[in-house]
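One structure is given below, encoded as structure tokens.
Each chain carries a letter (A, B, C and D) given by its place in the written order, and its residues are counted from 1.
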Amino acid sequence: MLEQLKKEVYEANMELPKRGLITYTWGNVSGIDRESGLFVIKPSGVDYDKLSPEDMVVMDLDGNRVEGDLNPSSDTPTHIELYKAFKDLGGIVHTHSPWATSWAQAGRSIPCYGTTHADYFYGEIPCARSLTKEEIEEAYEKNTGLVIIEIFKDKNPVYVPGVLCTNHGPFTWGADAAEAVHNAVVLEEVAKMAYRCEHLNPEAKPAPQYLQDKHFFRKHGANAYYGQGK
Amino acid sequence: MLEQLKKEVYEANMELPKRGLITYTWGNVSGIDRESGLFVIKPSGVDYDKLSPEDMVVMDLDGNRVEGDLNPSSDTPTHIELYKAFKDLGGIVHTHSPWATSWAQAGRSIPCYGTTHADYFYGEIPCARSLTKEEIEEAYEKNTGLVIIEIFKDKNPVYVPGVLCTNHGPFTWGADAAEAVHNAVVLEEVAKMAYRCEHLNPEAKPAPQYLQDKHFFRKHGANAYYGQGK
Amino acid sequence: MLEQLKKEVYEANMELPKRGLITYTWGNVSGIDRESGLFVIKPSGVDYDKLSPEDMVVMDLDGNRVEGDLNPSSDTPTHIELYKAFKDLGGIVHTHSPWATSWAQAGRSIPCYGTTHADYFYGEIPCARSLTKEEIEEAYEKNTGLVIIEIFKDKNPVYVPGVLCTNHGPFTWGADAAEAVHNAVVLEEVAKMAYRCEHLNPEAKPAPQYLQDKHFFRKHGANAYYGQGK
Amino acid sequence: MLEQLKKEVYEANMELPKRGLITYTWGNVSGIDRESGLFVIKPSGVDYDKLSPEDMVVMDLDGNRVEGDLNPSSDTPTHIELYKAFKDLGGIVHTHSPWATSWAQAGRSIPCYGTTHADYFYGEIPCARSLTKEEIEEAYEKNTGLVIIEIFKDKNPVYVPGVLCTNHGPFTWGADAAEAVHNAVVLEEVAKMAYRCEHLNPEAKPAPQYLQDKHFFRKHGANAYYGQGK
């Protein structure tokens, strides 16, 4: 069942330790098959060097396990809310990657200080608000998804493929699981350079809007000219 | 004698260089067999790439060498005090891992800024007070253990599996030697992210208590639901 | 056609990931054959682990593709302007290497704080001004070249083999593609140490001019005595 | 001639890239045979991956090349002054290792903030003064040695096996070439942790003298008890 997707999600998960984004089991990747409405996600707390494609868990968007012997990632309800609200998402990643998590712990959005950021994220990478005591106790992982959706009320998640959760860490996404991981790597690089930029110049301002426009749209949309085309 | 434990302690020691926690011989791991009251510890000052399971030294809790040709780690008296005071400990690690040691040198406890910390350490990671001149000259390594025990007077060492020693470095522990090393790796990551968090936001506050509770207890205790159960 | 140059440019490109200067496809190297006026450059957006010498694109200085099936790097017009203005350049590199890019995002030139810098760059490494909205919309990549040339009005590009572009990242160059990459590695190291130097001493001053002279000219020019001679 | 020493010096040189202390050729190691008064040093500007034991250059303390086809390191006159003034030295290392060089560029001595430092360096690691214009123009490398000797007027180079040169970088030494490299690695770790310590606590004070004494003398001198004895 969904063998190709399980393989893709497995491989995307294995990119996380390879790219230095995670320590131990601190991350998870999922990918969705929009036709059937089913998604595939990493099992909870399983070591990456023991993981195989068969361990991937198949879930539906109501939170039922459709296939697999293992418990899905404890963050599964967050993935569900994001897939339901953001219809263009094909893959989602959560990590505790250290630079992005440092910004999340600081409760700060990452300003767009340069073209590396603008090549992938259009405008700042937002930091979602803290959950209340009630939201945490009632349904923590689901409500984590809802506060992310809340801060994207006026944002296009395809143009801003990631978010920070206060005191927690980043979620990123993309057209599929591999692109979601790609954006997690970019976020980590961007978070690192923004930190250093501010220390070199505490008065640093975001890049001019027209420079951000230039870089984002030379890689995205109808007039893109970066790369080899489709 | 205690062949299985010697193997476990050997392997836990070998994790230290593999995980980037130590330079040269700046660390040691021990593991205890509570039934016999004997523990196994790394020999002092031996290169990691020359170490073998047979080099591990067997000690009793009075500080007598029970088996082995080599001198035990010079920090052995610290391990003894911790094993005697904290009955749930099965393994102990000491390193000079650079991020944790920087906090120790600064004489500061690490505030709980996020869920990575709260997943493993319940509340701040305390920094034990400096030893006095007398304590150092009389019995330095033993008294290092005693000041750690002093700061845990009102703390549960199972909930807070590590400590910083002022101007020195960290000790961590766990149910066995492998878990103690796992906690040393976590401490290093947490120390790094807390440093960066404070630089991104000098007004950063610890994560709300109910978020810390949520994360710690979804992984520990009777109501844990992270991972695949036992 | 230009098989040797294609091989050299390919190998210089492959140094970028090996030296940790790039993430994904965030960089490009070119090399020029001054006799024919043709240069060889990396294709746009192609993964480094799929690249081969045959993928290199041959261009003329009017921006025409002379050989190759792939689109050249989107930064090709910048390379063209630099080759046209700076006649001694044999190779050019662009990266988003994280330390240099952090300075570029901060909009700051890198002061010469020590001999590592002075061994390769004579005086500060300048930060070129931001492009205007009009310059970006009219011909972004070409005008990136022109603002670099503008800031070198009173500088010798052989003595200062690199530059930062505000909110963007570094370009470096050299007698050939390999030397251009060498200078990109040096720039990254120098950017890192200058950042840390300023944090250790906010009042730090550039190295005395006579120390800079000593180091630069013991490695460059007629009286050089570093190395094994020619 | 001095085949064993050439092998040792070669191997000590090869430790520099392996330990991450150098980029390209930015370092050199020498070792001396006190009986003959001859020392062996790396050739100038030769790539580490092309180096062999036979490339090592044999010099006398008057600066004459006694054996070898290649030019010795351009820093040879500094090594000579140190060997002549400090009779206990068996090996010397110079690098541009990034953390130590950042302190050197900042013109600051490294305070002893903890036991990692005190295990190897007794008291602060001093920063030698800048050379004057005259000293640089007259005999730069020789005078670099003399300003190091000047700052050790009241220090024991065996107790403090290293120094920083303002705007330049570190020199370390030891009983032989291998120990000199060992101390270069320690210096880099200590420099990194001291930087971070100061950022975590701008009011941080050096470790108490009695803690420094305890750690230094449990590893050095007649009453040492760290390790396996001799």
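As a convention for this text, contacts are C-beta pairs under 8 Å (C-beta built on N, C-alpha and C of every residue); 3 or more make two chains touch, one makes a residue touch a chain.
Model, not experiment: these values are computed from the prediction.
Taken together, chain B and chain C share the touching chains A, D.
Chain centres computed from CA atoms place C at the largest separation from chain B.
Because chain B and chain D share one sequence, their contact can be compared position by position; here under half of the interface residue numbers appear on both sides. As a whole-number value, the distance joining the C-alpha centres of chain A and chain D reads 46 Å.
With each centre defined as the average position of its C-alpha atoms, the distance from chain C to chain D rounds to 33 Å. Residue numbers of chain D whose C-beta contacts span two or more other chains: 198-199. Contact annotation for chain pairs lists A-B, A-C, B-D, C-D, with touch applied as defined. Those residues of chain B lying in contact with chain D across their complex are 23-24, 26, 43-46, 70-71, 74, 96, 98-99, 101-108, 130-131, 133, 136-137, 140, 167-169, 195, 198-199. If you check the complex, the residues on chain C that touch chain D are 113-116, 182, 185-186, 189, 192-194, 196-201, 204, 207-208, 210-211, 214, 218, 225-229.
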